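Here come two complexes built around chain A, the first alongside chain B, the second alongside chain C.
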Partner chain A sequence: MISSQAPILIPMTFLFAAMLIPLVGAVNRAAAHLTAVLGSALALYFSVIGMQTTLAQGRISYHIAGWMPPIGIEFVMDPLSAFICALLCGVTFIVMVFGKRSVEYEIPQKEIAFYSLSMLLLGGLAGMVMTGDLFNLYVYLEIAALAGYALVAIGDKRAVVSAFRYLVMGTVGATFYLLGVALIFISTGTLNMADIAQLMPMVQDSPAVIVGLVLIVLGTALKMALFPMHAWLPDAYTHASTTATALIAPIGTKVSAYVLFRVLFFVVDPDHLRTELLNLLQIIGYLGAAGIIWGSIMAICQSELKRMLAYSSVAQVGYIAVGISLASPLGFIGAILHALNHAVMKCCLFFISGNMRLRLGHSMIPQMTNGLRKSMPWTSAAFTLAAISMIGLPPTAGFFGKWYLALGAIEQSHWIFLSALLISTILNVAYFFRVMERMYLKPQEPEGVDYSEQTIVRSEAPASMLVPTLFLALSLLVLGFANAWIVTNLIVPMIPGWL
Partner chain B sequence: MLEFIQGYYAYIFLATAFTIGLYGMMVKQNLMKKVLGMSIVAATTIMFWIVGAYKEGAGVTVLDPRIGVEDPGMYLNPLPHTLMLTAIVVAVVTLGVALALLIGIYREYKTLDEPTLLERMK
Partner chain C sequence: MAVFDLILGLLLVILVRKCLSITDMFGAVISFMAFGLLMAVAWVRLEAPDIALAEAAIGSGLTGALLFSTLGRLPHSETRQPLVPRGSGSGPGYWLVTGFWWAAAMVLIATFVFSFQELQTPGLGGPLQERLAESGVLNPVTAVLLNFRSLDTLMEIAVLLAAVVVAWSMGYVDWPARQTIPSPLLPGVVRLLTPVFLLVAFSLLWRGSHAPGGAFPGGAVLAASGILLLLSGMTVQISPRGMSWLRWVLSAGLLVFVLAGVSLMAAGFGFLVYPEQWAGNLILLIEASAGVSIGAMLLALYVGGEPDMAPSQPNNPVSRPQ
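Presenting the complex of A and B:
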């Protein structure tokens, strides 16, 4: 029963929770957090059930209001969307558990708005993943984006300005996407993705369709912060509250990358992709490679942990873009696996920056000393594990995503992509070891004028924040060891047959 | 050339307006003007859908005795118009959020001029 309704239930659970939280919060402030946790747990449950059913029986299609697909709106759960959706719901559940203390500390009095908006954001993102209709995707994209602007705006003093920049860039992206959809609709007369995929061979040579596809890719690339369209991302992530960043950073850009996957591999005709659109694919790949290097270099230059992680996100989006551009099974596996790993790693690292903000009052890298290791041993250990995974050392999850991407690049002799991957590993070492060195080796300075006020509260983060952090850090090891199982059972079924 | 302009004048107008909007968003220093540019871009996109659905001499999708049922091509596809109702709502909400953020920025920094704002943010 639930399994056939799963595609619609997941976004609806989030949207319903978003409406419920202000009502519940008006009666009892503490209940707002509980509602958010329960809502995301319920959505996680639905998505796991949906994923099991999809893997066992194939694609689930839900027709809204009973209208059949080419005319009505269709919600689709196939292995790809089920996987991304389970990832979204899982990350959200953990972030919501983590959020309670961090939100109370960083953005007091705004909890109810925060939880309601995060549920709205997730409703939009889950809808984007589930929908099988290009225009419906636009609507969900805007729901997610508007909730995202508001979430980013709830932060420190500068958050409003960065939220405004995010809004301007995000709106341009969405407008490009909508124009692209218009051109495709004018040429094919339908908005249903599966239907367009069937009609595509007849119209694919018309300039309107090609311009439309380019506009869709451009809009999506803006949303996923592909270099050089990433300028909004570092500011938005730095000035928002930690919980908001931990929610948006791991999944926001991934969902836009998912749209790119969906459009390029499931809507566009494969032969067309391999011939006429090859240039488009290659441009995505080169921009991704440039983003990998640029993001990593900028990350080295930052002195604030959250800002460093934000630039690192620009680089990680580049990996996914490279995987898309390879358009081979190995590239596909690498990109999806990296999306999963990066979501877990980045979420864990942003949690750590939140723990530091709670206990130290800041997350400035130059002011970190080995006092951090003594006062917050578990947080430091989690940071080390996540950093090792970001760098991509073998037993951790981060290695395997990069491994598949590197294999894919070698298979097609794309030496530029391969060298970008390798160089970025070295750059990753540079910016993570810089933090780890201070955390473990730099002695506390005796003069300590600046530190005197910060040494007052120095203890490990509260359990509600520490447990999610450690859970994510350990799951990096688990994901690393289980990667073969994940690839065979979850990722291989989602690769389209022609690839 | 003239035929081209005659056939596509609506699209040429829209492309120009779209470019003006983008120009405003990218080049203008005043944040309010950026919002205006954003509005123009959104309106142009909506108009593009509407113009795309236009057909000379065709009627609305209600049975018209003068047109009859022989030629379904004489009825417009109502879908783009209804879709654009949603898009208008989205554009209005985006405009609302943008204005709310501008109010927040003005309260915090007492300016909407970007160079001054950057100076005051330091």
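Presenting the complex of A and C:
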């Protein structure tokens, strides 16, 4: 019963929680947080059940309101959407558990709005992943975007300005997407993705379809912060509250990347993609490679931890773009695996910056000293593990995503992509070791004061924040060891047959 | 009529240009509202009366009111200041860049027009007409919005609710709102107009099943009458309990929609699958609750933030007329 309804249940659960939170929160503030945690747990449960069913029995198709396409809207849960959806729900659940103390500390009095908006954001993102209808996707995109702007705006004093920039850029991206959808609808007469995929060979040479596809790719690339359309991202992530960033950074851009996957590999005709649209793929790849290098260099220049991580996100989106551009099984596996790994790593790293803000009151890199390893040993350890994974050292998870991407690049003799991957690894070392060196080695104050073990007060983050952080850090090792299982059982079934 | 269409199209372009280039904000808002009105006429000419209604009510009326309320909150000097600092639009570099973008845009538009000439009209109208009898309503637009693609509408209501939550999360506004226009005429006019507005709003809501109308235009008219009441200085005093009631009113549209969907699902029909004999009534129920909610949400957006509960007497910003 549940398994066949899972595609609609997941976004509706989030939506229902989003409505319930303000009503419950008016009575009791703590209940708002509980509702958010329970809502995301329920959605996670549905998505895991849905994923199991999908893997066992193939795709689940759900016709909303009982109308068949092209009149009605279809929700589709196939291995790809089920996997991404489970990832979204999992990350959300952990962030919601983590959020309680951090939200209370960083954005007091705004908890209810925060949780409600988080659930709305997730409702939008889950809908984007589940829907099999291009216009319905736009509607969900709007919900996710609107909630995202607001989550970014609830932050420090400059957050409103960065949210406004995000809003302008995001609206431009969404408009491009909508225009593209309109052109494709004019040419094919349907909005259903599966129908369009079947009609594509007949209309794909018309300029309207090609312009439409380019507009969709452009809008999506803006949303996923592909270089050079990333300018909104660093500010937005830096000034938002830590919990909001930990929620948006791991999954927000990933869902846009998912849309790119969906359109390019499941809607466009494969032959067309390999011949005439090859330039489009190449451009995505080169922009991704440029973003990898640029994001990493900018990350080295930052003095604030969250801002550094935000620039690192620009680079990580580049990896996914490179994977898409390769258009091969190895590239596909690499991009999806990297999306999973990066979600876990980034979430963990933003948690760490939240822990530091709670206990130190800031997360400025130049002010960090080796007192940190004594006052917050577990947080520091988690940072080290996550940093190693970001750099991509085996056996942590980060290594394997890059490994598949590198194999894919070698397979097609794409030396530019390969060198971008390798150079970025060195740059990653530079910006993470810079933090780790201060965290573990830099003596506190040189002048005569004896900072022995006694003077440093142990002030680790509270358990509700520390446990999710450590859980994510350890799961990086687990994901690393389990990568072969994940690839064969979860990722290989989602690769389209022609690839 | 071709001449009329041509003039209409030209006027639209000129108004957009004026909107973007005008130097004071007040004038920009006025041209934007004029643009919305002409756009509504253009929709009528395109034989899309539903969109025309929505454009006139929301695009021109409510958006205009929102923009004016924003202008009212800015310091007075700022609203009258030129938007573009003088001197930026000169020099060979400026003209080179502007010329490049204009030329590029023109080439793009020309390619669009020439390459899209062979396109035929998109086709879902046929299959839609065939199924219209099963949808429970006679108006094809309402059938699409509330039956065939009901999920899109549900989500659009969610977008609107999200916008209200966003506005409230940004902060509080003083209440009673100090946006009264000191005009001796207004209270009298409002007294006369409010019943008419209400009548129009509910007639639009009711007509939705068989003619252009429905929840969005109806809600917009409802909100417009609320805004007029606010402007004329009439506010309703309601106890703190009113605030929690207000939350229910705001979310009623979405709540009824989602509950209808989920309960139909639990009854074994599937999400939002209306049984054919109840379809008409269910659509009416959903549309009515959505209309009232949309009116309240648009009004809440006009008021701005969450009405300040803290001092003396908190009031209800939805001055639903009594």
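Worth a mention:
Rule of thumb we're sticking to: the second predicted complex is superposed on the first by the 486 of 499 C-alpha atoms of A that agree within 3 Å, B and C clash if a C-alpha of one lies under 4 Å from a C-alpha of the other, contacts with A are read in each partner's own complex, and residues count from 1 in each chain.
The rule is simple: a residue touches a chain if its C-beta (ideal position, glycine included) is under 8 Å from a C-beta of that chain, and two chains touch if they have at least 3 such contacts.
Since the model is a prediction, treat every value here as computed from it, not as a measurement.
When the shared chain is aligned, chain B and chain C each come close enough to touch A:Ala150.
In the superposed pair of complexes, A:Gly123 makes contact with chain C only, with no contact to chain B. Of the two partners chain B and chain C, more chain A residues are in touch with C. Legend: residue contacts after superposition of the two complexes on their common chain; A:Thr171 is shown touching chain B, with no touch to chain C. Contacts of A:Val139 after superposition on the shared chain: both chain B and chain C are touched.
Of the two partner chains, chain B and chain C are each touched by A:Phe185. Once the two complexes are overlaid on the shared chain, A:Gly66 sits against chain C while remaining clear of chain B. Once the two complexes are overlaid on the shared chain, A:Phe16 sits against chain C while remaining clear of chain B.
Once chain A of one complex is fitted onto chain A of the other, the partner contacts of A:Gly497 are absent, as it touches neither chain B nor chain C.
Look at A:Pro108: by the touch rule set out above, it reaches neither chain B nor chain C. When both complexes are aligned on chain A by C-alpha atoms, chain A residues 135, 139, 142, 146, 149-150, 153, 160, 185-186, 189 touch chain B in the first and chain C in the second. Chain B contributes residues 22, 25, 31, 34, 38, 41-42, 45, 48-49, 52, 77, 80, 83, 86-87, 90, 93-94, 97-98, 101-102, 104-105, 108-109, 117, 121 to its touches with chain A in the complex. Within the complex, the chain C residues that touch chain A are 111-112, 115-116, 119, 122-124, 127-128, 131, 147-152, 155-156, 158-159, 161-163, 165-166, 168-170, 243-244, 247-248, 251, 254-255, 258, 261-262, 265, 269-274. Within the complex formed with chain B, the residues of chain A that make contact are 135, 138-139, 142, 146, 149-150, 153, 157-158, 160-161, 163-164, 167-168, 171-172, 175, 178-179, 182, 185-186, 189.
Interface residues of chain A, counted against chain C in their complex, comprise 5, 8, 12, 15-16, 18-19, 22-23, 26, 62-67, 70-73, 110, 113-114, 116-117, 120, 123, 127, 135-136, 139-140, 142-143, 146-147, 149-150, 153-154, 160, 185-187, 189-190, 206-208, 211.
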